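In what comes next, chain A is part of two complexes: it sits with chain B in the first one and with chain C in the second one.
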Partner chain A sequence: MTATMRGARGEVIRRPRRALAVTIALAVTALVLAFVALGLGDYPLDPLEVVRAAFASDGSFATTIVLDWRLPRVLVALLFGAALGLSGALFQSLTRNPLGSPDIIGFSTGSYTGALLVITVLGTGYVSTALGALIGGMLTALLVYLLAYRQGMQGFRLIIVGIAVTAMLQSFNIWLLLRSSTEVAMTASIWGAGSLSLVGWPQAWPSLIAFAILFPAALLLTRPLRQLELGDEAARAHGLRVEGSRLVILIVGVALIAVVTATAGPIAFVALAAPQVAKRLTASAGLPLVPAALVGAVLLLVADQLAQHVLPGSVPVGVVTIVVGGAYLIWLLVREAKGRL
Partner chain B sequence: MTMEPRLRTTDVTLAYDRRVISSDLSVSIPDGSFTVIVGPNACGKSTLLRALSRLLAPSAGEVVLDGKSISSYHTKEAARRIGLLPQSAIAPDGITVADLVGRGRYPHQTLFRQNRVGDDEAVALAMVATGVDDLATRVVDELSGGQRQRVWVAMALAQQTPILLLDEPTTFLDIAHQIELLDLFADLHEAGSTLVAVLHDLNHAARYATHLIAMKDGQVVAEGPPEAVVTAELVEEVFGLPCLVIADPVSGTPLVIPRGARHRA
Partner chain C sequence: MAAPARYRPSRRALALFLALVALLLTVAASLAIGSREIPLHTVWDALRGLPVTSGDAAAVLDLRVPRTVIGLTAGIALGVSGAIIQAVTRNPLADPGILGVNAGSAFFVSLAVGLLGVTSPQGYLWFAFLGAFVATVIVSLIGAVGRGAASPARLTLAGVALGAVLTGIVSAVRLSDPKSFEILQVWESGSLQDRGWDVAAPVIPFIAAGLLLAALLGPSLNAMALGDDLAASLGTRLVRTRLLAIVAVTLLAGGATAMAGPIAFVGLMIPHIARWIVGPDQRWIIALTVLLAPVLLLASDIVARVVLRPGELPVGVVTAIVGAPVLIVLVRRRRVSGL
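The block that comes next holds the complex of A and B.
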């Protein structure tokens, strides 16, 4: 009996050990990539020069480039990626479906609608656009939730309703663009492609403050999330307040993606893919939150560097993620369809 | 007899939306019993179990646990007193047996106070009691139906509640695994747990229950020890099935032998 119990504990420890190793590896990867990214550009610096520039407060040109120009964008790519990964993990766990991602079920599109209304009707101020996106995303989430709610919430219904609402909002968005002047439509389209190119410190700060609240909040939801995976009845039998927990998860998940969309526009794919990649890397049951955040951070940073330095012209990062994401989505749909048939 | 049982319902009305399943239903679960609820499909037995386990809030009356309305408990406090093995539990894919059983520890954990040693101990005990300790490192999806059902029982046991409710625990198992599981419940009962199960098989109910509740149309028709409850008249009244009741040659408990349309004199 002792042997089997030791076996039991050994396994209980071994799996988190793999998860821990993967988590550390991902964090190191993100950090190394960040240093490389800080050196990339028209004024290339090797990692050593980056470190020197960052810590020497001599007001040299290199310091200005690294700290004032490149750091906010790299930091924002990491943190936005993490937020998208977290949001995706929360929603996919909630809906028990890898397609139940906030970018698929309409919250990004809703944010875009909010931003479009502000740009086309009120003018193009940065803060008001961000606010419009935030409110648009929240209202869409509320609408989808209410339409999908019937004696409790069921994941699959939420996805179907979300896809329907997305389709309606997309046609509304196109109508908004068509009836606006060319100049306004251009501005709106650039925002709508999802880009980090306009993000500097002034735009980064509000989202950093929001993340300081939202990241810990998301991590506190881990245990309720693990209970919800067992089904509503088992979760309730274990003493979880099921509807209340679900609502909090929904709010934190929407807030995470709304903050990103408000600042950078809709960035597809990261929320969809990061949780699934993290699950496969860690071999964990359910979608692990911290690894999902780290995978999201690495994905978005790499995509943004590709958009900046590898692709010709200045391509918005949203375009890169959407191309990679489209391929992933097709693979996912085919796999899901096979599972169902 | 002056002591009130720990778990009972007082004049409850149980309904889904406006569809009333039971009204003015008062049921007591004798402490330390292995109570089995039987009755035809849609008689309200699972609904009663859902109410006892606070998955369904009565629209009138209340479920009383240890002298207080069950709805007045903090949900985790109630979950430390009553465990439930639901029919609908889902095993997250890729989860190991030990991990799944550990999920039953939720009501004993709080954000800032986690008793890892106590949790590990409870999980190990639950796995030994259900005979799945050898499977601890296995992935649940790969287990057989009988093994998986034992793992779910282990999860409920890890909750370490004095009262355990079981919603049709033997459905979908072959006869050998059904008996194996019922023997396990009998062991748990002997070790001091109060068990309440919904079962379909009358003969299994008569063999293993210490207290039987027969329901029809949302009401209790008869309750008591199986010998008193399982009679030919009652089975015909409750299930509308003519039958012969004899003493089970193995256990001596009542054995129901149905007379289908083809076998009526």
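The block that comes next holds the complex of A and C.
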């Protein structure tokens, strides 16, 4: 795809056509992968059988496997990936830094801490856990921002403060786990690795409803986000209420992360990588929201299938994303450094 | 050029003396405090071989003495390796834990345990060194890409990313193989619990060698703090100093990790405190770090023993809670690169 052109000073001129083509291609990829994933497992089915099983709903064994067992997990992997990608795009735009993603700045760990507190103190329950994750993520976001603020915000300071706060919260989480009963600790630590293995329809429904609200909300933020990317002054000149918009973006971004964390535990680095991959694929100037969501969906689905079918034992998907995403981060740093030559 | 008043020899000697007293007190506390409280005079009797109740003798001689010795050596090793990394990279945020050196060590050990079936400390010691070496080299290379010195923030991020990747693979190995699960679970979190002489004895000579190397490097490190060009014109052989520094960090951080698992933030905090007390001379910084770093690690270990009685917290958890705020304070200072 060479729909991009170089402008007079060598900058890439955006072509909406390329962005559209990439978006469609990503959506098709996600769909095809989903059908393949529905067929993978101890009882393999080819894509045609999957389609037949999905639409026949004749109560056959294949239907049960596809609709009741595999579909919720595949669907959740796609949607959670999309949520992480969206959240990452929102945060990276907001901080104007590719490294300003929620998992690096510590919001994911904060969500986990909030959820852990709820689980260990109040016991499990989807709504209370989700609320705990949301509040934990919000408070961590606030704390990191306050600690990193010093005569303005500087990207790298934000990130290092995030690393430090993450380290403290992780220690606090270990302490919480160790002081609770073995049963609770087991539940919490399976969940703490970031896994989709326990997801069935009962766990999938509440998050689907939450996303039905949050996805459109995120897309409505596209315009203020683009204006904020131009800088606070320019955005204000366009008639944007800068602080208010920033707060709304922050809340939606943290809410997306919190829903994922409440159900699957902290899944690292998808939010970091997806927006940047999407940006490069579409060759756009800003961080495109829809492609970021689609890339996130594809990434998490592939990572989850790897975790289920390729790796030995029961490796949680969070471990796969942390390895792949961390390697991507190293590459990003090396590339950024070379760019300064 | 006379040394500023606050760094006069008498003040430095006083600092060393006070640090030594603090270290002796912490060692005594580490021998006495635990899930079984033992009065100091009983500890002393047990150490001299006088008859005490068999429970007390076992607790002191078989559990607390090796544990304290491991805390002492691991603390020294982590602190001094942190001082060396900070001096060589001119990066105030450097620490063998944050930069992923300890994670590299843990990674190779977990491969040895999980894939090769190595179980004895003597066996995996070499893997710990190999891992520390590889991680140090990788992080230095990532930091060295591009022109000029790596910014502290970029080096830190590179280390965190490397640490995340390696730790992720370690937990994958751990979760996919129940046999290695147990050995690695103790290992992964950084703890001084249940480590005996069999772990400490083979490692201590290597840490001693690393310390000797660090002492020899002191003057060159001082020159390097002035910048590469000035150091070269003063006759410092930059490449040789860097290589020797990597060897020293490998021996110290790898050895500490082999004994206690990956522990972060000790190597970050202590050299800063030492620099604040004795000034920028690396030889004094290293000397004071040798005394202060084990105070921090042993004190953290005592806290780790006490807070969850009868259970224990991994000591790495305590050092992170104490150390992370220091990282925040450092990064909030006006000039992050100011060493």
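The rule we apply is simple: the second predicted complex is superposed on the first by the 276 of 341 C-alpha atoms of A that agree within 3 Å, B and C clash if a C-alpha of one lies under 4 Å from a C-alpha of the other, contacts with A are read in each partner's own complex, and residues count from 1 in each chain.
Operating definition for what follows: a residue touches a chain if its C-beta (ideal position, glycine included) is under 8 Å from a C-beta of that chain, and two chains touch if they have at least 3 such contacts.
Here the structure is a predicted model, which means the values were calculated and not measured.
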Could you say whether A:200 touches chain B, chain C, both of them, or neither, answering first, second, both or neither? neither
Of chain B and chain C, the partner touching more residues of chain A is C
According to the stated criteria, A:333 is in contact with first (chain B), second (chain C), both, or neither; which is it? second
Could you look at A:41 and tell me whether it touches chain B, chain C, both or neither (first, second, both, neither)? neither
Please work out whether A:284 is in contact with chain B alone, chain C alone, both, or neither, and reply first, second, both or neither. first
Just checking: does A:319 make contact with chain B only, chain C only, both, or neither of them? Give me first, second, both or neither. second
Contacts from chain C onto chain A in the complex sit at residues 93, 98, 142, 145-147, 150-151, 153-154, 156-158, 160-162, 164-165, 167-169, 171-172, 175-177, 189, 264-265, 307-308, 311, 313-314, 316-318, 320-321, 323-325, 327-328, 331-332, 336
Please output the residues of chain B touching chain A within their complex, sorted ascending. 17, 53-55, 74-80, 83-84, 86-96, 98-100, 102-104, 106-107, 109, 111, 120, 123-124, 127-128, 133-134, 136-137, 155-156, 159
Contact footprint of chain B on chain A as seen in their complex: 1, 4-5, 7-12, 15, 96, 151, 220, 223, 226-227, 229-234, 236-241, 279, 283-286
The answer for chain A against chain C in the complex is residues 99, 147-148, 150, 156-157, 159-161, 163-165, 167-168, 170-172, 174-175, 178-179, 193, 268-269, 311-316, 319-320, 322-323, 325-327, 329-330, 333-334, 336-338, 340-341
